[in-house]
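In the two assemblies presented below, chain A is common to both, partnered first by chain B and then by chain C.
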Partner chain A sequence: MFFRMIEKERLPDLIRGLSTEFEVVGPVAKGDKFVFAPIDDPADMRLDYDTTILPPKKWFFPPEETMMRFRVADNEVVDDEVYAPPRVLFGLHPCDINSLQLMDNVFFGAYIDPYYRARRENTLIVGLSCVPSETCFCNAWGTDEAHWGFDIFLSDVGDEYFASIRSVSGAELVDRHVKTREITDNDTRRFQERTAAFKAAFENHVDTSQLPLLIDAKFESPIWDQLGEKCLACGACSMVCPTCYCYDVHDELEPDQTMGRRVRTWDSCQFKDFAAVAHGQNFRDSRASRIKYRYYHKQWGYLSKFERVLCVGCGRCSRACKAGINPVKVIEALQTGVVS
Partner chain B sequence: MAPRVVVLSLASDFGCQVQITNTEDHLLTILGLIELSYWQLASSGHMPDEYDVAIVEGAVTTDEHAHLLRDVRGKAAVVIAIGACATIGGIPALAGSGSLADRYATVYGDGVIVPAVRRAPAPVDSVIHVDYHVPGCPIDQSEFLRVLSRVLLGLVDHTPDMTMCGSCKIAENVCFFDSGVGCLGLVTRAGCGAKCPSLGRPCTGCRGIAPDANVVSALEVFERAGGGADALRSALDVYNTASEVHV
Partner chain C sequence: MGGVPRSTIAPGDRTSAGVNPYRPWPARITSIIDLTPQEKLFELRLIDEGARAAFDFDSGQFVELSIFGVGEAPISISSAPSKQGFIELCVRNAGDVTGALHRKQCGDVVGLRGPFGRGFPFEEMKGHDVLLVAGGLGIAPLKSLINHIHDDRHDFGNVTILYGARSPAEILFRYQFDGWKHRDDFDLILTVDHPDDTWEGDVGLVTRLFDKIEVDPANAFGAICGPPVMYKYVIAEMRKKDMDVDRIYVSFERRMKCGVGKCGHCGVGHQYTCIDGPVFNYWEAMNLQEAI
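Let's turn to the complex of A and B:
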């Protein structure tokens, strides 16, 4: 990794330069919220965004995608190409960069997912430092820092960005498209000061001491029933989660019934039919069992396999849940035995 | 042999039949897969005596409707209910929110007697078993085509049972509750891709209350932001009066 300083007013040069080679996707305003969307004009990019409604996972694992098209008459696959244009995701916060690495563990696991891989390999990541919002709790998991998983990371140190350049592609793009200068000791000092101010700005301080053991010990706790009573079973938490990767697959035929497509869509463990199987059985029929499953998977099951919890503290679920259920409150309930 | 299909209407504005007509790109393709024996909106003929599939639009509002449905069920191997009126009672069911006599008095003046054959409006499956449902007001053409495909393949009905919020998040809509506006997406059956919120309007519940909805918790959400319990009740009245959910 090497480092450069970029003047803020020169950043549009980099974005415009990237646009000549890639589709550039970045945070833009939608009402009083933000979404990741293709950028035409660097001025549309809202680098002051707090978070986005959907996380960047949609650019690797779309909410709905055609896996293949097939001919009904002879069951032949006629098209299984993956659409993966060269793309730059610009302005990802550390939580989201970390979330992609948690997704990689799954999609690049024993069975490599060719759809995810094609997009992942064709996408560069430009990270951006942030300011904690009232829903952020990435500090609980150490996902408030991103050390790898990006090509370029821009830390805002006032009138300049302290740019960490991780990959050869990132270095080439910076060289090609924007004027930079070498870093000095003073710049690293400004970087450290920014980091300290960032760490001090968190409102949420979640105590995660012995959480895996605690959650294991609380398997029969009444808090799950209480959370089940509140849960709207709407699945919004899963959709907005940067680390939820569950999907459903179904086939549908075109109107003439001669051609079909196999479709993959985002699924949620909070939907009743998620754990329904043949013969009308359902392993998680109640909302209480489903919300418990969600937390056990994220805080225990994934951890036991990959030594990381399946949460990056982005706070999107806290914003999306109209019933007020979120990891901060659930962890609190595990500790106190009371659902607030 | 292509299945013989009839399309008929009870109490409704025929909007869902119009939607079938509007599937212009695929209409001829569909007609090539079935034998259309009767289409109330588009033909001047009469219902044949034999058919395989009955597509029913509209709510049951009279004894005659109920008789007709029982006759249809006796003949058709498959019954498909289309639209809010047929699947959940829809807007016609508003007439049943109070006593029918009071409604008649309000609309036609005092002293008008409710004909004996009138009933409180109700969905088709209040009278007969329905095999497939296409919810919505009006129906979505592509959903109708998907259901028709399932009928032709002999697959079971697969109407989504979850609520709308998940698909509304996928559409990246700004949630109405965040600005204190109530939205029935919280309890309404998914499957339309959150069309109305995507166009800037709160969900009005035309697809009916989702079987998996948590109405009690939704009521609390409405009380915190979104106009309170009365707002939820009156919003539900528009399409869901006939549903047996009390809030």
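Let's turn to the complex of A and C:
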């Protein structure tokens, strides 16, 4: 990795430069919240955003996408091509950069998901340092730092960005579009000071001690029944989660019934029929069993395969939950046995 | 720099997909046998010769059966891997996709993806006794193992098959099992919950048949498939016979929607049925929350 200093007032040069080669997607205001959306004018970019309503996963794994088009008569696939325009996701916080790596483990691997892959390979990532909000707990998992998974990462050190450059593309784009200077020892010190201030700003300090083991040992704990009583099974937590990847697949026929498309949509393990099978058996009929499964999979199921927790502490689920279920409190309840 | 950005994503392999694992291969239905009023046995042949030659599976694995316009369903393979060029699927008319399949005719084309998952450890079982216990439609995946053992019979010790069905009319593959009644190389015991006037076999749950069999616990493998409620009772009988926990194999049915470990629907405990199973040994299954 190598490093450059970029003056803040020159950043629009980089964004405008990227726009000549890519679709640039970044954080913009929507009401009193923020969303990732295509940017026309660098001035629209809200680099002071706390978090976005939806995570960046939708740019790789859309809420709804056509997997293939088919002809009914001979049960043939007509096409299964993926639309993946060259794109830059600008301003991703470390939690979201980490979330994409967790998604990669699922969508790559023994069976490669060609739709996710095409978009992932055609998308550059520009990361951005952040300030912890009251719902953030990325410090619990070490996802408050991103060490790879970006092309450029911009750390705010006052009037300049301390830019970490990871990829050939990132280096070329910086060289081509924005004036930079070499870093000095003093810049590295400013970067360290910024990091220390960031770490000190967290309000949440989650006790993750022995969590994968505890969630197994306390599988029959009454806390899950209490959380099941609160949970509305709306699935909002899954939709806003940057690491929830479950999906449903269904076929849609065109009006004349001769052609159609196979579509996948975001799904949630909180929905009642998620684990139902054909003969009427439902393996997770109760809300308590479903909310427990969500945590069980994130804290142990995924970890057992990939050695990382399937959570980046972004806090979106606690913001989205209408029942006030907050992962920081759920983990606390697991540790103490008391739901607060 | 070219049109395609080069991005550093993560250390690790990013190999070419080559094929789309979600795209079904067209397969022709070459035979349909009515087994019961609810179940039919379909013989399917992949139309693409290369795909047909490359289709290699283990007993206990499943395929995703695809009927465009209706959807996909996971179905375990009933034929033996020793028979190449076609597969057999024993399918109950229980949902949209299986219902649509039941309306298909011989010669019609459907889609297949797979084979998926982990099957029974056939090679490990060689040289040992095997006790196979099936309930209802659970005979479908075990039929593949039974026939595979049959085709390599000299490699195995005693082979015992216990199969329970609700009524004589609901016994699947009865034409084969009736023919096996007098064989001395397979101990086959059928039982039904509700006998009719013609039934001369056993009556009652499959677990009652354990009084009638001898098991050498030092040498025996178990294989179980049936309705979810059946497992713990059959496993208890096998444990009473001192069979090892890691030599008892169970096959689970869950909602394997994608088959490739991504859609999440078939989660069982900390695993996915589609890629980690559907066959687990009992030690593994004991460690899967809510599995049994």
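Heads up, the rule we're going with is that the second predicted complex is superposed on the first by the 340 of 340 C-alpha atoms of A that agree within 3 Å, B and C clash if a C-alpha of one lies under 4 Å from a C-alpha of the other, contacts with A are read in each partner's own complex, and residues count from 1 in each chain.
Please note the rule applied: a residue touches a chain if its C-beta (ideal position, glycine included) is under 8 Å from a C-beta of that chain, and two chains touch if they have at least 3 such contacts.
Computed from a prediction, not measured in an experiment: that's the story for all the values here.
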item	value
First (chain B), second (chain C), both or neither touched by A:Asp80	second
Touching partner for A:Asp248 - first (chain B), second (chain C), both, neither	second
Greater chain A contact set [chain C / chain B]	C
Partner chain in contact with A:Ile53 - chain B first, chain C second, else both or neither	first
First (chain B), second (chain C), both or neither touched by A:Ala171	neither
Touched partner set for A:Arg71, first chain B, second chain C, both or neither	second
Partner chain(s) touched by A:Gln257 [first = chain B, second = chain C, both, neither]	both
Touching partner for A:Cys231 - first (chain B), second (chain C), both, neither	first
First (chain B), second (chain C), both or neither touched by A:Gly301	second
Partner chain(s) touched by A:Thr123 [first = chain B, second = chain C, both, neither]	second
Chain B and chain C contact sites that coincide on chain A, given as residue numbers	253, 257
Chain A-facing residues of chain B, complex	26, 29-30, 32-33, 145-146, 149, 152-153, 161-166, 168-170, 172-175, 177-178, 186, 211-214, 216-218, 220-221
In the complex with chain A, residue positions of chain C that touch it	1, 3-17, 20-24, 26, 66-73, 92, 94-95, 98, 109-111, 227-228, 253-255, 257-258, 260-265, 267-271, 275, 289-290
Chain C-facing residues of chain A, complex	22, 67-68, 70-72, 74-77, 80, 86, 100-101, 104, 106-114, 117, 120-125, 148-151, 166-170, 172, 216, 219, 245-251, 253, 257, 260, 262, 264, 267, 269, 274-279, 281, 283-284, 289, 293, 296-297, 300-301, 304
For the chain A and chain B complex, residues of the former touching the latter	30-33, 35, 53-54, 63-64, 229-236, 238-240, 252-253, 255-257, 266, 268, 271-273, 287, 320, 322-323
